[in-house]
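Two complexes, one shared chain (chain A), two partners (chain B, chain C).
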Partner chain A sequence: MVGSTTVGFRVLVTGLYLFLLAPILIVVPLSFSDDNILTFPPTSWGVRWYAQMFEHQALVNAFQVSLSLAAIVTVLSLAAGIPAAYALHRFRFRGRDALMNLFTAPLLLPSIVLGLSILLVFVKLQLLATFVGLVVAHLIVTTPYVVRIMSTALTTLPPSVEEAATMLGASPLVVFRRVTLPLMMPGLVASAALSFLLSFDEVVISLFITGPHITTLPVEIFNYVESRTDPLIAAVSVVLVAATLLVVLLVERSLGLSKAMGK
Partner chain B sequence: MTLAQRTLDPRPAHSAPAARPERGHLRLEGVTKRFAGDVNAVSDVNLDLERGKLLGLLGPSGCGKTTTLRMIAGLLPITSGRILVDDDDISLRPPHQRDFGLVFQNYALFPHMTVAENVAFGLDMRRVPKAEARRRVAEALELVRLPGYGERKPREMSGGQQQRVALARALVINPRILLLDEPLSNLDAKLRDEMRREIREIQQRLGITTVFVTHDQVEALTMCDVVGVMSGGRLAQIGTPEDIYERPASLFVADFVGRTNILDCEVLNGHRVRLGDGVYSCAATTIRPGKAKVAIRPHRINLTPHRDRALLSTSTNSAEGRVLRTTYVGDIVQYDIDIGGPTLQVETPTHGRGLAVAVGDKLLCEWRPDDMLVFER
Partner chain C sequence: MAVSETSLPLADAPTATARAKVFPVVPVALLAPMMLVNLIAFILPVAQLVRISFLEGSGGVLTDTTTIGNYVDFLTDAYYLSMIWNSVLLAFVVTVLTLLCAYPIAMFLHTVSPRWRNLLFVMTISPLLVSSVVRTYGWMVLLGDQGLVNNMLVGMGLIASPLRLVNNTLGVVIGLVEILMPYMALSLIAGFGRLDASLSEAAASLGAGRLSRFRRVTLPLTLPGVALGCLLCFVLSISSFITPKLLGGGRVFLLATEIYDQAVIQLEWPLAATISVAVLVLFGFALAVYSNVVRRFD
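This part shows the complex of A and B:
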């Protein structure tokens, strides 16, 4: 009986993984195609599309924009989200629940609605197709996740642990550095990684507010496949997957590390 | 001074009886806490705790005992009043400069540090040299009977062990005052008994002035030199465990500490009350004649078979009663006895020979006037 469920379970898991990984399983071979158009399986093999990728100035520019955008958005959403989560968690004040709901409301809105409303507001503020505009728009997406993740992380940090440090002679700054921060670290790393990936992958909202002068990598890819059908896009996709994987591995590593250190 | 030195060289507290009276180590003067817009959480608490004594703050939840402890610790600012240590007003001093040890109900160990790092934290804050810190950590772990546990993580330890680490962490800094916030209420009954003894033993050995918050009256009575019973944010009574139990200052204290019969009565004069159909002698009272309440401990009432009436001493109260109910508890048997009006609860120790008394039996209840305390209604 145990054997049969195990086999059935294995088949199910394998099937699920195949389903989830199918796009990657197709895209990776495609990127090593030497053909001029996207065909699967490729008729000849090569790495010429990887080389071409670096010569495509629009893609390179968009990649740089996306990278710096994701980095800045990550820093800002942590800077806004961590104190917010801390305050919401630690202090009891009027309107606390309302604030918590307000902070996490964008999680519930479909991004298409969010994108449209941001577009309408940004037209008035003249933020359309600007880097600042992109940062602000992405912050609206990422900050709620940071608040959520950090709130959960903080529930594992009872106030008495910080008070214990205080009673032992630690000033508020030392309490934060020696106790609060190390204990928040797993949540912090997780929300940083998630913010980065959310911003880096964001398409829908960016579509509304990018323009000819400034665009993000996902939007540029979207534009590219609308007009062209060569395997260049497969090569770009593989680079994106690799970059994402790297971030996830980094998180896994550091979280695993901090777990080993006693969290 | 290290723990060991202090153990060998106790403070000269008890060696100079002829000297001026010992100064209170911890003094609270009119300490009051009012939370925004609320009624007082703690009102006008005054107490004077001698050096080396263990004070138990006892009361039901919400009585203000933990709030009082947190004000002493400095974790809560006081609204008014003064807190003094050796005549030094520390009311406004931030908690990390008070040099007090605090042990929490939930242990509050640092989960990302080893046991040794936890215990060393306070020494680290005081910039104690590494070698000395190592020695003192080892001594402190020895003191709480956890030698060699230094490299463990808190989560690898049982609740009782974690509580001992918390105690070692608080003691290693040689705090001026040790504060314990219901440290035993997360432990199971057997372990609690053991830890009670252990904490008391360490506290006496180190001669450390300690405030202990508890809702458990057994803990308060068995461990403490002085017990402060709190109710509604006020200190209802402060005294030795015997004072609290034998001479409760109010109906609340009589009721909260230990089991007791509380009955309506009518005061006839300074030493006689009417209770149901009978008139009895009571402990001397200043309450004016009229309606009042009377308290009698169930185990201070003796039961005698009816036929022994002749043997009764004339200086005790006696009342004829009929058994309404018996409850076998194990170490005692509880009886509800109707004495013509009020029902008395009576407790007698068991002897392992079965119950000699059945429901419906007639018995004589007798108790000393001193055990019959009268209070305002």
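This part shows the complex of A and C:
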């Protein structure tokens, strides 16, 4: 039969999946290592690196910065991205497509180039190593996705529904709150979750604009891994992967991930 | 060809046009926050990057003298020329290996039952949700001198002393291939969507063997996905920074790591800006090659 696959092919595919998932799976057993150095398999087991994690002040501070940063970036991404997507969808004007391209263009720029570019401007604007600077820099990473997802969500929303509400006497604000917003909800949740994860994970641009006084968790992890090799980061990684999984599951439970992505 | 009234793009949306004329303030107000973000964090920075690549200066101090000297220095320095070559070569090797690793997965997903397909699809793209720093760290654990691979090989008595798998180009290649596999797989899966199973069955009933079915039917039809995946991987690997920096252990010198070192450690901003523009030019080349290849399919 044509559709069938040979045993050899199945073995090959299994091996490739193992290769793909190996670096993520390996940190789980490693995080329970009791060794001082990075060795696998560990010579003894324990949970001391999980305890160590909370005593490492730089990591804890960086975690707090990343958490509040991601929360603020998420809110502002929606606040900037949704009205823009709505305006691009609702109004026809010259240069509409050009604006859409401009808003999603930052996606095309490699983050190493974008990071340097932002550094060069932030030096002048006195935004280097500031919380505000980090927020602005992360917004340029998250908003292209928000605009794109919300545009998709809005295209699936028939204008006749809004028109019907208007004809029945609802004011524009009521139409938005009672009709448009609920229908945009799946896209909104997806945008929010993606913005949060993107901001929380962002590392390359942050590396350019963080300093000794303010740093994000991925940057702190990067600096730690670059200078020292012990299982501490494995424990941090397990917590991060678990938290990411939780966010994804919450989104999946509330509306179905594929539906939320607008596909 | 006659141009009729209805073919004009504006004619299909008379109501929206009218609305925009009545309230020009509303769309502007809705677009303003996004414009502001884009201006501060995208337009101004890119303009500044290009400007500084033409300025003299070093050590974080810039002069107002405009010069093309940065480009001349960069393109005549044998060190940087070999760095450009190494970066392009590495990106090329990584792209080819990623394609070889992701193609069987995309092909397998195309043939399995829908129930398995969904599960395996999630497994294929889920690594994208894990930070590249964490995945690179995982590779350090797997490939290090005291890592899983070396300890297993030594334990089995296959090698006497650990192999050098990290802090060199080999480690960077292994890490990048794995990190880029989901992107390649996504492009390939999209490409496989064009492939109808009945075509392969028809070829089989006409007497084509497994290999010639793949070579004459499956491969040609999935080439657009291959081209897109290769473009994506080439572009991502030439600009990748975290993996070369950590798995290269300071011994692998590429354009992306050089941009960071020159900008953040040496404070040689004009040079860093010049290298960045060079990376963007390489992007342009890759895109031109891609559109040329894609045009040939149609």
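Here, the second predicted complex is superposed on the first by the 237 of 263 C-alpha atoms of A that agree within 3 Å, B and C clash if a C-alpha of one lies under 4 Å from a C-alpha of the other, contacts with A are read in each partner's own complex, and residues count from 1 in each chain.
Just so it is clear, contacts are C-beta pairs under 8 Å (C-beta built on N, C-alpha and C of every residue); 3 or more make two chains touch, one makes a residue touch a chain.
Computed from a predicted model, the values in this text were never measured in an experiment.
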First, second, both or neither for A:107, with chain B first and chain C second: neither
Chain B versus chain C as contact partner of A:24, first or second or both or neither: second
Touched partner set for A:225, first chain B, second chain C, both or neither: second
Partner chain(s) touched by A:246 [first = chain B, second = chain C, both, neither]: neither
Which of chain B and chain C A:174 touches, first, second, both or neither: first
Touching partner for A:166 - first (chain B), second (chain C), both, neither: first
Superposed model, chain A: greater residue contact from chain B or chain C: C
Touched partner set for A:51, first chain B, second chain C, both or neither: neither
Chain B and chain C contact sites that coincide on chain A, given as residue numbers: none
Chain B contact footprint on chain A (complex, rising order): 158, 160-161, 163-172, 174, 178-179, 182-183, 258, 261-263
Residues of chain B touching chain A in the complex: 73, 75, 95-102, 104, 106, 108-114, 121-122, 125-126, 153-155, 166, 169-170, 173
Residue ranges of chain A touching chain C (in the complex, touch as defined): 2-5, 9-10, 12-13, 16-17, 19-27, 30, 37-41, 79-81, 83-84, 86-88, 90-93, 99, 102-103, 105-106, 109-114, 116-121, 124-125, 136-137, 139-140, 143, 147, 197, 201, 203-204, 207-208, 218, 221-222, 225-226, 229, 233-234, 237, 240-241, 244, 248
Residue ranges of chain C touching chain A (in the complex, touch as defined): 10, 13, 16-17, 19-20, 26-27, 29-31, 33-38, 40-42, 44-46, 48-49, 52, 101-102, 104-105, 108, 111, 120, 123-124, 127, 129-142, 144, 146-148, 151, 175, 178, 181-182, 197, 200-201, 204, 213, 235-236, 238-239, 241-242, 245-246, 256, 259-260, 263-264, 269, 272-273, 276, 279-280, 283
